[in-house]
Amino acid sequence: MSGIVLSTVTVRILLFGSYAQRLGVAALDLSLESPATIDDALNRLRSLPGGEALPERPLCALNLSQAGAGTPLTSGDELALLPPLAGG
Amino acid sequence: MSGIVLSTVTVRILLFGSYAQRLGVAALDLSLESPATIDDALNRLRSLPGGEALPERPLCALNLSQAGAGTPLTSGDELALLPPLAGG
Amino acid sequence: MYLTSDPLDIGLLVARVHAPSRGGIACFIGAVRNHQEDREVVRLEYSAYLPMAEAECARIVAEAESRWTCAIALQHRIGTLEVGDTAVAIAAASAHRDEAFAACRYVIEELKRRVPIWKRESYTDGSVEWVGSGEEVAKRESGEAGRTVRGELTSELIARFNGEKT
Amino acid sequence: MYLTSDPLDIGLLVARVHAPSRGGIACFIGAVRNHQEDREVVRLEYSAYLPMAEAECARIVAEAESRWTCAIALQHRIGTLEVGDTAVAIAAASAHRDEAFAACRYVIEELKRRVPIWKRESYTDGSVEWVGSGEEVAKRESGEAGRTVRGELTSELIARFNGEKT
């Protein structure tokens, strides 16, 4: 009743290729204290088992478009971590 | 017995594309006074009906390889006059 | 759909871009090679972030079509491929060959640079590597293929992830 | 045989050069366009100095294969072609795409420059022109297609010329 209500943003994280293999998961939901940026999500992922191997600045896509580490997150966002591309 | 015997070279002439159409023939045998060059053959062809339209220096192939106007001719040679190429 | 798990056929792509006004068609086919640097490849698996890959392919195709006044057909295969299989096929048709070659080259270079597709190669020595990761992620000798991923990295799953969003 | 009167199939050429060690295949298809500058083309006829054209194609292919370490398949069609028909098809396969593109481009440029092939275009206005000759050689309105050539310029005839030599 008298406590402070912290609002949170919940985002969907997608992992691919070697990142998915290292963390052992291809998708997860992450709740972060608001306001939150891509960097905040990355720091949380690094604390998970296997997450320490994520690079300093992985390529990220927010809702299907590439986005920088400082980009703010909104609940319902889809944040994908993209290992080095190898199509073709 | 006492006259001078002029030797001749007889070459096969092949005409293609617009040249064949202008001269109205695709192949003919030409006898030239020996020694003869490609230029001599070209001059004779220019005296034929339609031959006046041949260019100054048409592309020529002697026995399947490109050859210059001064190249000497031998009996049995195949001399082809090649209009501007248009393959591809 | 630019990404497909069906075998690719360059003839079909050519037929799609061919038109009476287009005299030059340049194509590129990327096939699975039996070697990667000095290692012998036995097979590989392509996976993709499907909705983003589709959107990025569409952007690349639109860029090339507008820059060189041409028509582009592009397909990239996902799933397991054997040596010799076609991984990517591109056909670019224009009135003249300069434009067709330039557009075709642009599409394959941009695809490699921008489209979220990953390749896991299996080698004859039993090792497996995510190409471009700079590290070998699993050796068959040391048990199974590394950490097990909860949720297979299949196109179905990724599509489902995307479908789950409301 | 590099020259043929049969329809061309790029898929067959690709199959001929494809091999497990070759990951990049660049192709070029030249098709009959419905326009040449501002005139509408209805059909065209390719003729060739066959034995020389075969020899020159073989030289070009050998040059490209040795310079870029690749395998080349090349076919050029002769005879009557309609708009949309494939006139020339090239497939160049190499370990990597840079070499494949360079070799493919080299073959089409050298073919145009060196191989004795001629093209007679027929236009919708009834006129006919030997491409590259710089002049219109016949109008349908002014009777038949100009002077009649004694001896058709067919591949059979040219082959016979060559066979006649002893």
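Lettered A, B, C and D in written order, each chain numbered from 1.
Rule of thumb we're sticking to: a residue touches a chain if its C-beta (ideal position, glycine included) is under 8 Å from a C-beta of that chain, and two chains touch if they have at least 3 such contacts.
Since the model is a prediction, treat every value here as computed from it, not as a measurement.
Visitor: Among all chains, whose Cα centre is located farthest from the one for chain C?
Guide: Of all chains, B has its centre farthest from that of chain C.
Visitor: Nearest whole angstrom, what separates the Cα centre of chain A from the Cα centre of chain D?
Guide: That gives a centre separation of 56 Å.
Visitor: Centroid from C-alpha atoms only, then distance chain C to chain D, rounded to Å. What do you get?
Guide: 32
Visitor: How big is the gap, in whole Å, between where the Cα atoms of chain B centre and where those of chain D centre?
Guide: 25
Visitor: Would you pick out the residues of chain C that each touch at least 2 other chains?
Guide: 30, 108
Visitor: Quick check on chain A: which residues sit in contact with 2+ other chains?
Guide: none
Visitor: Which two-chain combinations touch?
Guide: In this structure, the chains touch in these pairs: A-C, B-D, C-D.
Visitor: For chain D, which residues are in contact with chain B within the complex?
Guide: 30, 46-49, 51-53, 55, 76, 87-88, 108, 111-120, 130-135, 137-138, 146-153, 157-158, 161-162, 164-166
Visitor: Give the list of chain A residues in touch with chain C in this complex.
Guide: Counting only chain A, the residues touching chain C are 12, 14, 16-18, 20-27, 50, 61, 64-65, 76, 78, 80, 82-88.
Visitor: So in the complex, which bits of chain D are touching chain C?
Guide: 9-11, 14, 18, 20-35, 83-84, 95, 97, 100-101, 104-105, 108
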